[in-house]
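Next up: some structures, all given as structure tokens.
In the two assemblies presented below, chain A is common to both, partnered first by chain B and then by chain C.
== the complex of A and B ==
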């Protein structure tokens, strides 16, 4: 999911930087309005929490492991705007210190994983959980929001890759950036996330939300914002 | 004679269980996570240690380095000639020598990253299925061309000249981008470096969150490592998969609670130092003649690379 440098053309990464910058500007304003001054360190903590979640590997069939992006669980726990700030910060630190994701691709990575994914996950969670107070329904909503949001973000990444041969090729038709067109990039990104990483993201979201629900449901933002849950 | 060895010493060791047979799993993936966290912390240590050295590149103003990081990232992304990319690689390598970094260690890290994203992921693009052109090395020959779903499969599949050029270009581009970014990061203290983001209008609040997150990551990584090994030292026998899931949930919940305590402590510490909700970050670095010279040299080099 982390796009490295060299895969996206300036025609793609510059507009995505713009969209990301606008989203962060709005997110910072929204979060400042929503939380008090004392909660600025809270967002730092959310970012560190997001970073750490990305480090938790889960065993998957075939003897390998996968890790969650964590955007879904952060959006459900902290709210989507806080997730925009938190996951962006985590991704920027990853790109700068660990070389995970490119410098020119920070805008695209943050747009996919820190803007698109948290909002998708948050509203999917609300859609699937709020009509019922049953815990089973909430667990299902947690899994499906994590799963679908990652798969959709992966498809979006696939589209960003797939349009490169269309918008940035040399005069003799050679690809200058990502050489895979839409019919290769989109299925490649979608299939591995539908079959593998989406399930990991869904499971991580489910495991964490279930634990919070059992121990301190009041900490979950999605429930503070009008959700209801039966206490058994 | 009666066996006086205590039972816990006779019991089969945890590592000798076969998880596949008893449908239970070891905690190896958690070990990997903890090792990754430790590596991350070590990496930050490495960066902090190197960036603190007195050296030509380390002494350049962080703002200049930030401008150059963006500038060179753009230059690398728009240069489409593999030969020019090789020249940029040489330029960056020379900068590493000047910075007196541990070149072997740094390039090991760079090549590890680049091998996956800049080579393995892009290698299929060298085949004529993706990049049409003259085949220079044949791999498979079918009886006739075929069609599968939306894909056309040619009679011969092999590496093409155009494909090899595309893969070389992208490999070098990823290599140069990662190498230059790590050069800047390894020669600049991160908290100082992020203050330079103000130059492009990043809000102070965002930078403060970034700065706090950087410190929290360090603290949390250590906390996780310590608590995990404390837990593991008390573990006997293997553990059910369901318990592993509960354990992960519990660990993450613990991290969350621990983080909340840290954040509350941080807030109180900030209030005691005069924090009243308004975030203003002050930058004290001034440009020197050396900074200007470095800036001009690299900007001119970048233009030359683009024009070549």
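== the complex of A and C ==
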């Protein structure tokens, strides 16, 4: 899901840089208010976790590869604004040091995976968990939150790819940037994440939420922010 | 290596445990090379090189030519070069890249968080 350099037109990547910068500005204020200093090590670990989990490329036999992102679980544990900062740090280091994701596409990639995805995940989690505080319900919500947020972020990425031929083509009909249009890019991005990578994101979200529920339930941002957990 | 001592942060028992789990995950990263190689799958969708795009659609889009070399990453694709390496070497470099990347990410995030959060102790 890391868009490389040359796939997005300036008409796409410049506005997305702007949106990302605005999100970071708000995130800095929110994190300052919401996160206590003693939880700083957790934020470092969250960013490192996101970095590592994105390295686990998984194959769809006969197709392409892809990976989970970790944004969903970070958003539930530490809040969507903290996730904005943590996942952005991981993505920017991937782009700068490892060439994974373009420099011009940093705004787009961070917007997709570090802004859109954690917020989608966070609100999905609250939507699916809070009518009940049963643990089974919480685990279900965690899975759905990871699964759907990654699929939706993939669709968003597919849209960004897919609008390129509409925005910028030369007079002979050849695309200047991503050559595939919406009809191809969106299903391609959606299907592989629906089939495999979304499930992986859902499972790691579930497993880690379960781990924190057992070890440090008071830490979980989504619960502190509203609702309660039942300790059975 | 993955200790927070550099920035003088105290780490509790659970956090120490999580760091060990993260280090363990780092050691497993070659799976990200080996599994796709085993199933013989290609790049992530939309992350092809200019050459691969040419094979797919018959031409290299002009913007892709213009932008694709705009940045030279020191460890491209979590490896040392774009030359063909054996899968064992690639896995090794991938693992080392994982450890370096995760450590840098951890430390940068700690520093940024410290800058942002100055309340309490």
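One rule holds for everything that comes next: the second predicted complex is superposed on the first by the 203 of 232 C-alpha atoms of A that agree within 3 Å, B and C clash if a C-alpha of one lies under 4 Å from a C-alpha of the other, contacts with A are read in each partner's own complex, and residues count from 1 in each chain.
As a convention for this text, a residue touches a chain if its C-beta (ideal position, glycine included) is under 8 Å from a C-beta of that chain, and two chains touch if they have at least 3 such contacts.
Everything numeric here is computed off the predicted structure, so don't read it as measured data.
Legend: residue contacts after superposition of the two complexes on their common chain; A:96 is shown touching both chain B and chain C.
When the two complexes are overlaid on their common chain A, residue A:24 makes contact with chain B while staying clear of chain C.
In the superposed pair of complexes, A:179 makes contact with chain B and with chain C alike. Once the two complexes are overlaid on the shared chain, A:189 sits against chain C while remaining clear of chain B.
Of the two partner chains placed by the overlay, only chain B lies in contact with A:207; chain C stays clear of it.
In the superposition on chain A, contact is made by A:51 with both chain B and chain C.
Residue contacts after overlaying the shared chain place A:170 against chain B and chain C alike. Counting contacts as defined above, chain A residues 4-7, 9, 28, 32, 36-38, 40-45, 47-49, 51-53, 55-59, 65, 85-86, 89-90, 93, 95-100, 102-104, 170, 174-180, 215 meet chain B in one complex and chain C in the other. Interface of chain A with chain C (complex): residues 1-7, 9, 28, 31-32, 35-38, 40-53, 55-67, 85-86, 89-90, 93-100, 102-104, 157, 161, 168, 170, 174-180, 185, 188-189, 192, 215-216.
Those residues of chain C whose C-beta lies close enough to touch chain A in the complex are 2, 4, 9-11, 14-15, 18-19, 22, 25-26, 28-29, 31-33, 35-36, 38-47, 50, 53, 56-57, 59, 61-78, 94, 97-98, 100-110, 112-114, 116-121. Contact residues of chain B toward chain A in the complex are 25, 29-30, 32-33, 36-37, 40, 43-44, 47, 69-70, 73-74, 76-78, 80, 109-110, 113, 117-118, 122, 125, 130-132, 150-151, 162, 165-166, 169-170, 173-174, 177-178, 181-182, 185, 190, 193, 203, 205-206, 208-217, 220-221, 224, 245-246, 248-253, 255-256, 259-260, 262-263, 266-267, 270-271, 275-279. Remark: chain A residues 4-10, 13, 24-25, 28, 32, 36-38, 40-45, 47-49, 51-53, 55-59, 65, 77, 85-86, 89-90, 92-93, 95-100, 102-104, 170, 172-180, 183-184, 203-204, 207-208, 210-212, 215, 219 touch chain B in the complex.
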